[in-house]
């Protein structure tokens, strides 16, 4: 019963097979091989327009390089207070940009509240050097709270950014989970709503290590080539990432694994709703679920082999958590089985 | 006939199999899984002392983080003029250190000449802030010229560094090739001669993506953990690197693949020595070989399917290269076959 | 009626005279001259212990270099939400540290609330690389809100910092104003309460350009020498800063100018309290004063020649500001005259 | 007999008087006061076109910010091996740019040899990320060797830079000394020969602290505003720099002080040429002079009160320096007197 994180899972068998199938033979290094190029084209098909694709090693790298591509002296990035770029990257975005600031914007359950964004941006006087200046907005889809921005939400935020000439970045470490939750297309969820740069994650959804920066303006690709290399993120045997994405996209595998993960979260949610021992903190929309239960109960479950984490209460979470209670996070993945979920369900009882 | 680079090869079948064998199941992310820990212990066995090991995505990252671990304001790193850290990393070491300088030291055929190092270091007046200050020495083993530092060479350079309180870094992107060339042990080639930090490369020698920073002073490990994460080099599914190293070290595979690559270079050298159309620029010691031939001949060979690169003439190379001639680099790997070499030999004739 | 900022004033006549008196003759450059050294000793006398002193060009430089001296990969500095290092330095602290983060801590009227600091620090798990790690606490004395930390306040904050091994930095751009407000000694207001690094400002209090980093642990001086030079903050004709500080400290001039500035703020406060047209937002403690008045009234005063700024309502300011009203900042200095204050008093009436 | 450096001199009486004259009264801070603006206009007059001017604290800052304004990921700046940006700024240019590299180009007596520049640039393959990429060329006028680039020399170097799309920076720490040596105009010595950014120094030529970045494309001014503030180089009481430049330019003072310094160097050169105890290493063109003499003689002179520095032999200096001899640098300034030079002349004899 591994609900600690979707990155505790291994690789989907089809991904593993794809890697093995591409292990032999010689091919041009540094992302210029035939398989690399085929995968770049595949990205353009999937996004229904020409895009520039840069494989990188980690989601943190994808985010940090995306923001570095927007860099300005004195620049400030606006993202949700609980965003991964703020909470979980050890200052990598600041480091990659040589000191840009991440400005925390509040909003309920992991989503930036447009009014707060407007207000935060409104405090900056154009051309005044003292306070620095806005340089980008970054949203996470799906969010750290397991929620999803609707297309309208994205459009609204991108509208605010665009009116100030700011690019919009999307951290899509769990892009596929959000995509299938919204039952929309990659194009609709990104550039059609004004997203300019995307961190496209495959690792959490069944790959071993497959992350990419996707630029919707391929004109920016030249700089990204230097940014990536300088950041030590250019794989020599790049084909091994290409091989993963090749398998990932084949026959819609990526959508299937995401649907499965989301379905497992929904199944877990149902079990929790049925239980007297725990309750949902809020409704999950993708593959992360948050529950409240007594600490003693959580410890009992953990001792019995269920792996999940304590969690900080996010901004805008106003359900009552009692003194003896805690908030806990459960993450499902392509590798989570219904049997596993049901076993957990049985443990927490009705 | 792929002699462009050892990173044009794919993965050794045993590495590929090791990856597949570890694809399933759940394990702790971020380098804390059981397989990761087993591999860390294996490194300590191989180096005959406790070492701290940090997997990273690229050799550039291993080098840049190693140097970042030595960082000082105004710091200067001394490496060979043709070292990868200077010539081929797009400024990553400078970027990772926030602006340390790489000072080029000359020496014949890829090896720092100790006298030049002594002279370069001697120009810095301790405590004077104007010129900056030495902070590390970095050597490459095997070198960019396909040569190898002998154990005495390393000891001599480390002695110079130590007398000034400077750590010695070794870029071991082709560590195994040098190791088998010298017929020595990992311990002898590193810390026993005074190496403090090592970029240990597995990628060029049969892995897909397996690079590590090895610290001979495990006390420095704490800072490296933060340095690596901040540089976006901490893999979530770290086990996939561990699985590669696990297979790499099993039954001496890594030594076998390196011996094979070196043997193929020697076989190629013999073919060139026998040929009237080309001549060795200098004797290869590991798996890189440099030859002089007429440009027209090189083009003919390339047109016939041989892949190899033009090369800049390195410092201290005083063989005569005629007006119509060029210098060319050939790299062999675990995947180079004798048949391939012989085919090339037949093409250049006797 | 110039109440815009204390840096709109020029130089005190004694400072100007001191500069002229030291204009001729030759002296060792880069801070090694006789006058420089005499001033360093004077600092040690004033602080009643050996200190290391580094002149720099701006208060922003003093703050940024102080924080750079505490730098750690993934490091986070805790300061008040409205602190100058966050609000007014265009990201210089982040830039100087290569990407450290400034974490905003709330507290009423410009002062960090120790409970909030404790809570903010408490969220960081030692040794976990993901969230980064605390590296320093920074307080401003006097604060951006014109308030002053009492000695106990400083001790409490330094206690929290020390228990976590964090150095405490004080931004003393208005050090003298706070000092005379508390009627204490430089030693009592700094190292005796646990301050480790101080930005000591003379510019706002009557100098032209006299700022210094003061290190209470002179053992850290060596690194600061390199940090300062690398940041292009080492004056060649350093004596011109020394000459200012020499005059500044002579016969207690600096305390006298600070007392005058504070007295002018108190006089202005009295005029505002007497007026029906404006009210004090809160009581001033040093030389900055905040008042609420109708916007139309503010415009009238500005049109009549009074110079002062609109201000953002700070955290913890819960006085009611009406729809037609604004919050305004008034700053006094050594150059503010009673006549000027009274003229303004007459304009706002009773 | 102070020949150590022109920054050992104090301030010219007219500069000191200008400062005092502007000490009183209130004026807008941060470079927006009336005097600041008048001085900006004066710069435009002097350079015969609109320029953007940014006062900074040090020559190192002017150089580093100029190069930061040209910054590119993986960028490389080409300057002379002995240039101040390489030899004497503790890595500030690398730091300000977040890791750009300074590539040393050789050339006789402090001047870049255009052929070497061409060759160095020619090694970079456009669009290849591995080696990084050229981003600027920087020359020093007058040079560290006391020589001067002729207008044709500058034009030739700028032509090479322009053909590759690179901006040309001039380090003019001793701008005036070169200007009067060439008997040309500021416009002719800069933008008319293709200089894009200039570090304009006043400190060494009679000011206390008056350095500026001058941009010949005022369109770049917006970014420089943020770059300067972020680098903690924006003076609050900026008028004090303006006041120095105001006096500096008045009635051609700056040209007069430079002519005097150069004349004193020529007088010193004549004394050395007449002496049997010393010989000129090469002919001085501005206010720095290099001489060879026996070490014992140098020590005798120093003991007798002459202050001058030992110097490294520069590239391209092929005069014979005997085993018992040394190379020594002498710098003259506005404050050097003929009497002082003659006294030294008497000491070295005929």
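In order of appearance the chains are A, B, C and D, and numbering begins at 1 in each one.
We take it that a contact is a pair of C-beta atoms (placed from the backbone, for glycine too) under 8 Å apart; a residue touches a chain by one contact, two chains touch by 3 or more.
Keep in mind that what you see is a predicted model, and the values were worked out from it rather than measured.
Q: Go through A-B and A-C and name the pair with more C-beta contacts between its chains.
A: When the contacts at A-B and A-C are counted, A-B has more.
Q: Just grab the chain with the largest centre-to-centre distance to chain D, centres being mean Cα coordinates.
A: Most distant chain from chain D: A.
Q: Roughly how far is chain A from chain D, going centre to centre by Cα mean, in whole Å?
A: Centre-to-centre distance between chain A and chain D: 51 Å.
Q: Between chain A and chain C, what's the gap in Å when you average each chain's C-alpha atoms?
A: That pair's centroid distance is 41 Å.
Q: Could you tell me the distance, in whole angstrom, between the mean C-alpha positions of chain A and chain B?
A: Centres of chain A and chain B (C-alpha means) sit 34 Å apart.
Q: Among the residues of chain B, which ones contact at least 2 other chains?
A: In chain B, residues 30, 73-74, 89-91, 95-96, 98-99, 129-130, 132, 226, 229-230, 234 touch at least two other chains, as defined above.
Q: What residues on chain D touch chain A, complex-wise?
A: Per the stated touch rule, the residues are 30, 68, 72-74, 98-99, 127, 129-130, 132-133, 222-223, 225-230, 234.
Q: Over in the complex, which chain C residues touch chain D? Could you list them?
A: Those in contact with chain D are residues 2, 4-5, 7-11, 13, 15-17, 19-20, 22-30, 56-61, 64, 89-92, 95-96, 98, 203-204, 208-209, 226, 229-237, 239-240, 307, 335.
Q: Which positions of chain A touch chain C when the two form their complex?
A: 73-76, 87-91, 94-102, 123, 129-132, 312
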